[in-house]
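Letters are used for the chains, namely A, B, C and D, taken in the order the chains are written, and counting of residues starts over at 1 for each.
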Amino acid sequence: MSTVAVHSLWTTAVDPISKFQAPKIEYAQLSPTLIVIGAALVGVLIEAFVPRKSRYHAQVFVSVVALAAAFAAVVALASGGYGTTKAHIAAMGALAVDGPALFLQGTILLAGLFGVFTFAERRLDPAAHGNRVDSFAAQAASVPGSDSEKAAVKAGFTTTEAFPLLLFAVGGMLVFPSANDLLTLFVALEVFSLPLYLLCALARRKRLMSQEAAVKYFLLGAFASAFTLFGIALLYGYAGSVSYATIAQVVDGTVTNVDPALANTMGNDVLLLIGAAMIVMGLLFKVGAVPFHMWTPDVYQGAPTPVTGFMAAATKVAAFGALLRLLYVVLPGLRWDWRPVMWAVAIVTMLGGAIVAITQTDIKRLLAYSSIAHAGFILAGVIATTRSGVSSVLFYLAAYSFVTIGAFAVVTLVRDAGGEATHLSKWAGLGRRSPLVAAVFAVFLLAFAGIPLTSGFAGKFAVFKAAAEGGAIPLVVIGVISSAVAAFFYIRVIVLMFFSEPNPEGPTVAVPSPLTLTAIGAGVAVTLVLGVAPQYFLNLASQASVFVR
Amino acid sequence: MENLIALLIAAPLLGAAVLLCGGRRLDAVGHWLGTFLAGASFVLGAVLFTDMLGKAADARTVTQHLFSWIPVAGFQADVTFRLDQLSMTFVLLITGVGSLIHLYSIGYMEHDERRRRFFGYLNLFLAAMLLLVLADNYLLLYVGWEGVGLASYLLIGFWQHKPSAATAAKKAFLVNRVGDMGLSIAIMLMFTTFGTFAFGPVLDSADKVGEGRLTAIGLMLLLAACGKSAQVPLQSWLGDAMEGPTPVSALIHAATMVTAGVYLIVRSGAIFNAAPDAQLVVTVVGAVTLLFGAIVGCAKDDIKKALAGSTMSQIGYMVLAAGLGPIGYVFAIMHLVTHGFFKAGLFLGAGSVMHGMNDEVDMRRYGGLRTYMPVTFVTFGLGYLAIVGFPGLSGFFSKDKIIEAAFAKGGTEGWILGGAALLGAAITAYYMTRVMIMTFFGEKRWQPDEQGNEPHPHESPGVMTIPMIVLAVGSVFAGGFFSLGDRFLHWLEPVTGHAEGNSPVSAMTVTAATLVLLVVGAGIAYVQYGRRPVPAVAPRGSLLTRVARRDLLQDDFNHVVLVRGGEHLTRSLVYVDHTLVDGVVNGTAASVGGLSGRLRRLQNGFARSYAVSMFGGAAVLVALTLLMRAV
Amino acid sequence: MSFPLLTATAVLPAVGAVATAAVPAARRTTAKWLALLFSLATLVLAAVIAVRFEPGGARYQLAESHAWIKDFGVRYELGVDGIGVALVALTALLIPFVILAGWHDADPLETGSRRWRPTQGFFALILAVEAMVILSFEATDVFLFYIFFEAMLIPMYFLIGGFGDRAHEHGEQAAATQRSYAAVKFLLYNLAGGLIMLAAVIGLYTQAGNFSLPEIAQARANGSLHLATSTERWLFLGFFFAFAVKAPLWPLHTWLPNAMGEATAPVAVLITAVVDKVGTFAMLRFCLQLFPEASKWATPAILVLALISILYGALLAVGQRDIKRLVAYASISHFGFIILGIFAMTSQGQSGATLYMVNHGISTAALMLVAGFLISRRGSRLIADYGGVQKVAPVLAGTFLVGGLATLSLPGLAPFVSEFLVLVGTFTRHPAIGIIATFGIVLAALYVLVLYQRTMTGPVKAEVAKMPDLRVRELVVVAPLIALLIFLGVYPKPVTDIVNPAVRQTMSDVHQTDPQPEVEAAK
Amino acid sequence: MNPVNYLYLSALLFTIGATGVLIRRNAIVLFMCIELMLNACNLAFVTFSRMHGSLDGQIIAFFTMVVAAAEVVVGLAIIVSLFRTRHSASVDDASLMKL
């Protein structure tokens, strides 16, 4: 049992040096993560040494290449059977290389890739002093409206640090769902959270809101991770180890040779339950489930829209991946304890998200609440605790992330003098000015609403089906009711775009560069393909639906 | 030969189609075309009649199967026509009188720019009526039944710009619909009982069925008859129907359509024979109506309304007879035919009078017209004598027979019914004499109408007088012709069957009594209207008179109970639909919206309150988890 | 693999929709003609289906089956029985008239902008609806049916909300608010129904493991798929709720008057004559076949609701001030008859109901389209604003009257046949209900004649004095419909022959036989 | 002395930290409270590792410190930039976005 070995490393330090054995790391199998992290480091070096003028191109190049390469590596691993037959625990028990991990990593990498595309968009804002600008602040450090900021703008500075930050975040997200012990989990959590906090603060326009979003996100995130950490501590106290496998064994009571020293804590279910609850809470925070959702609308609104899109898509994927692994690998023995709780969370999340969204007036906040509602739907799939439950969640996450990135990419296009025009009233009659953009956005909204023939419907059907098979019929009923509520406000936006009179000083639609176009195009394509012919991807998901223990 | 039956209907139907779809280019010839096709139908009928006479009495029924109409498992409705003595009688009456009235209308409607359409409707009516009497099953009969209803609706409301006409038409259709309900329920009952509703099977196997069921069917048929034939309690529409052009009143609301109910009852004789209770109800309805109509007829100053009342009452006689069973069937039909002649004649006469009097209908504005329009006077007079039952004229024979049959029913019922019939005869004499005197005798009372143009009474043109003459001849001789050697009896017997009742009072006494009452009635009328001048405006009159003027409060009843009640019902339902049914849903929507607004406030922008909710959430999470373990 | 006729019939209008939408803004008329052309071509294909269909043959003919989403147990399965054929034909038949009648409906929306192309959109949406409706009539896979049952809401929503009637007593703005309210109401009702059904669909899957209607029905019949009574009832209710909303059945009906009132007449026809038929059709095909026992269990309640719909709808129609709302309530009453016929569980009732769907489609189309022409002339929907039209526009009035007479199911016109069949079919099993339902025919006469009297007769109102009579285009729309009404009233055999076998099948699905007459009459 | 008491202490510290987060306004103080919570966790880790006689807990404590340090860097950066913009470190002032 290698997992035990890793942690007895230090306890056996008194043994003669000859017994010392170096940890064995399967670099090939961890290549996706390593590539991304490495690229991030390269990015840092670029910031340090490459002249300002060419940083942007260098960073974009590095990021794209890295993410693409990492994705290729994931594909290679998957086709190499690491997702199914050869799935196992790597890095001395720290990381799992199995179906779910690879599938989610692939999704995250694609999300990251298209995220980079939207990050790199420089055609939307009018050029300042002859310099093309993207959606990030010229100099995050300078006070908004101050002379230093003006100078920075004049000098044509851009915050190219955004790219390495994104890469770091992606790196953390890659680890998060494949983490196989609680420590790795926590570290990964922080690794992808911290860059996101920073990214939120980097908006070029509306910087006050951006900074406010960052502060809120950071404080609440830190708060949540503190809970997670305490939960980890309790679990460690309960099982005497942070390795998933060991904890699972202890939970199942199949653990061998109980050390008498541990007797008074080990197997103390109170520790277990409280600890588990606190860790789950940390994950639910990242997922944006009610009542841990309140950061979502503010952060989504304040953050630079490309960041919002990336965050909304990738974070959810990573967090749900981790949640799945935790519940399916570590706590299956505890099923009868956490399922009812999750039921409650799922219900309030679905209903809460949908209901509050009805009265939203800002498109980004609207999408934020819709993402909350979707978190609820996905939870319904998580609760199924069956293989089809896992596969349905994987499928849903893949489908959802593309729609999300696409939708937020469209949001970046609709602009007026003050930058993006996110207030719904400004979207009135958009369909008359630029029917194509409106139509594309309508497709995304319909997908969100889960109207048949879109990926949203396939995903929703998958999770509800899984939930029903898992015996959660009431959950399904509540799910369909809340999707009815949700459908209402998506459709409302559509009608606003097409059938209300456009106001004269309404926003204009910027013509984006191929980068954003690719992101949007990919979103539409995936939405329709997964809606009309989802079979292939469903296969993929169901093959990838087995966790290694 | 029987393959020609369909043509009987086809001819006028073609006319209707052409005239209604033809457009203005047909205006010039439309009326002639219509008349021609009606005549053609009559000729064809005559041909078939002669052909029928050539056959043995019991082999005269012929059928023509056109096609299978509604074939659904077990439910087989065919388009099949049946021509026997009964339907043949009607064919001749309908086409004959119909053709005459077409002819008359050419003159009467001369100045109406929508004359083409009028003839289209008339042809439509003929087609429907023929379908009604030729149908071989009840469902097909139902088609004709509603067809004539439609035609009557269109013709009553022909002058649609007059709101009164439009309302009258609507009323007629609606009241008839109530009757139609009866017919359709009757058909459903037949289907569940016999598995079919074709005349043959149903009537042949009627005796196999329990009496209760047959009574139900009979009563439903009676309801239908009441609607179509303006019998109490569904008689209210007939008076208003006089809003239509007079030829329409003559053809539809006197001679043919309104008698369809009698046809229905006689045709379904087998059912009624086996359901005495139903028969009793029929006779009662008939008796009541004949008095009702007569009384109403006495009070009306509108010549057409007076005649309408008399129509109602005469049909009452027929229904009464039909209710008597085999004793009465033949006489019901016979009276129907003779009535067809003289009542049509009377109406045409009235029309002719109106034609000469700027469409004035109030008899108090008439008077002394005999010198101005002699032909009308004579023909009208003959019709008058016929209807009051002057010995030797049509009405005398047919009505007398019915009264005898009524007595022959035997028992107290017999006495009551017979008495009612006799009384009716007297009243008939009274109101008809009244009409006669007020119109043609006494001093002239006419005066300028609203436009102030003095009416110049004049005889109507030939196209109008000829039909009147023909009908007058019919009303004089038809009855005698039928009765000599019981021609009519032997003609119809194979279809309707016949039974001689043994009357407690001899035929002679009945006849005598009738004549006496006739004289009495006429005398009273003469004293009231012939001896003293007729006031130009109606005196307030006795309570009975006033009530009778208002159709014995029938309409008031309908208005209060049905119209008002209906209005209240619908209005309240509209309210319910809007507030309750809709309100629930809107309420839900609104409450969800409100909830959304309230929940939204939780998102107050303060990071710390978010933290609070997280902390609380965590606490709940932990608590729940522990709770789950505890329970 | 023979030519996929059914797919083609559905794909053709879909292609038409895309093509129409693609027509450049300037070429409005081209778009109109293109749409008309495609709808006519679809009609031809539908005719071919009707011809190729053998009444005596297999239950589902011209069947197509392809693997689609294995994981959901979903197959792309099409097939038509007699009922399906009749309704596909009806749909394909009505759409050209709808398009022709709506020829100018989108014109007022034209802003002249190069990008904004309402006309193209309008006709494209109509064709899209046609495609989806036809597919849902053809689908023999529950999931496939559900998809289009649900997806068709979106184009309908746009048609109501975007291209609604501009005539309103309180002016344009009021009309706009009313319109969006009606559209939202339409969507929410049907979406809610559809999503409830989704839950039931999923439930069905957990029980059956696939979605193929024939297979499941087969399995239910031979007992290899046994549902617990309660399960079956819940699933039935889930399905029925959605269909009852769509149909609509009292008390789920209130969206219809708003939708039909606010939409333009052609769209209103599209709603009530075509889209709503999917609901009643689905009751007949899915509820009865999949859940025979539950259907029988629910029959009494449903019959009562249907009865209420009949009388309630009729009475409310009497009370309406708005022509189109009146027709809407009349339709509610008629849908009551259809549902009554379906759940009477007799072959007369069900044949009648199917026939009723077709006839009601045609008669309502006739009445509603003429009403639309009338409204477009005067610019008002209020009955009170009319009077004496008959004098100035006799042809219009005449066609209106015929449409009305059809609506009150006058014998000799098509609706009579179906209505009488439904009544008889109901009466043979439930005499009381049959008799009460018969009151509907009186009320029908009432609201139709009142409408006709108030609008067409009486002295000519000043506003209508200048009203032109029907134009050629309008006559082309109305005349065929009226001809059809008369033909099907006199000779409905072609339709009944197609429908009867399917009904026989359905009857055997629910293990029902017609009640026998008391005495065997001497035939 | 029974190490379990240290557990109680850590729980106490954690609660104090959490409470601080909930009641204090100043972003810096708030952040310090979070650090307190993290350290409470560390105490728990160390205690458990002592009880279990395995070093893992103590190792984890080091990890935690590193992570905390990283958080400080990021956090202070954000908070300071906010402070410079608004001249106030009160988190309640930062409530542009709501509802």
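A few notes on this one:
Simple rule for what comes next: a residue touches a chain if its C-beta (ideal position, glycine included) is under 8 Å from a C-beta of that chain, and two chains touch if they have at least 3 such contacts.
Bear in mind that the values here come from a model prediction, so they are computed numbers and not experimental data.
The pair with more inter-chain C-beta contacts, choosing from B-D and A-B, is A-B.
Ranking all chains by how far their C-alpha centres lie from the centre of subunit A, first place goes to B.
With centres set at the average Cα position, the gap from subunit B to subunit D is 97 Å. Look at where the CA atoms of subunit C average out and do the same for subunit D: the two points lie 65 Å apart.
Each chain gets a centre from the mean of its Cα atoms; for subunit A and subunit B, those two points are 81 Å apart. Between the CA-based centres of subunit A and subunit D the separation comes to 24 Å, rounded to the whole angstrom. Residue positions 18, 21, 30, 91, 94-98 of subunit D each touch two or more of the other chains.
Taken residue by residue, subunit C touches two or more other chains at 188, whereas all remaining positions touch fewer. Touching two or more other chains at once are residues 215-216, 219, 223, 227, 297-298 of subunit A. Chain pairs that touch one another are A-B, A-C, A-D, B-C, B-D.
Across the interface of their complex, subunit A is touched by residues 67-72, 111, 113, 115-117, 146-148, 150-151, 154, 157-158, 161-162, 180, 183-184, 187-188, 191-192, 195-196, 198-199, 202-203, 205-206 of subunit C. Contacts from subunit B toward subunit D in the complex involve residues 600-601, 603-608, 611-612, 615.
On the side of subunit B, the complex with subunit A involves touching residues 592-593, 595-597, 599-600, 602-603, 605, 607, 609-611, 613-614, 616-618, 620-622, 624-626, 628-629. Across the interface of their complex, subunit D is touched by residues 7-8, 10-11, 140-141, 143-144, 183, 186-187, 190, 194, 197-198, 201, 207-209, 211-216, 218-219, 222-223, 226-227, 229-230, 232-234, 236-237, 240-242, 259, 261-262, 264-266, 297-298, 301-302 of subunit A. Remark: subunit C residues 185, 188-189, 250-251, 253-254, 312, 315-316, 318-320, 347-348, 351-352, 388, 390-391, 398, 405, 410-412, 416-417, 420-421, 423-424, 427-428, 431, 434-435, 438-439, 441-442, 445-446, 449-450, 453, 456-460, 490-493, 496-497, 500, 503-504, 514-523 touch subunit B in the complex.
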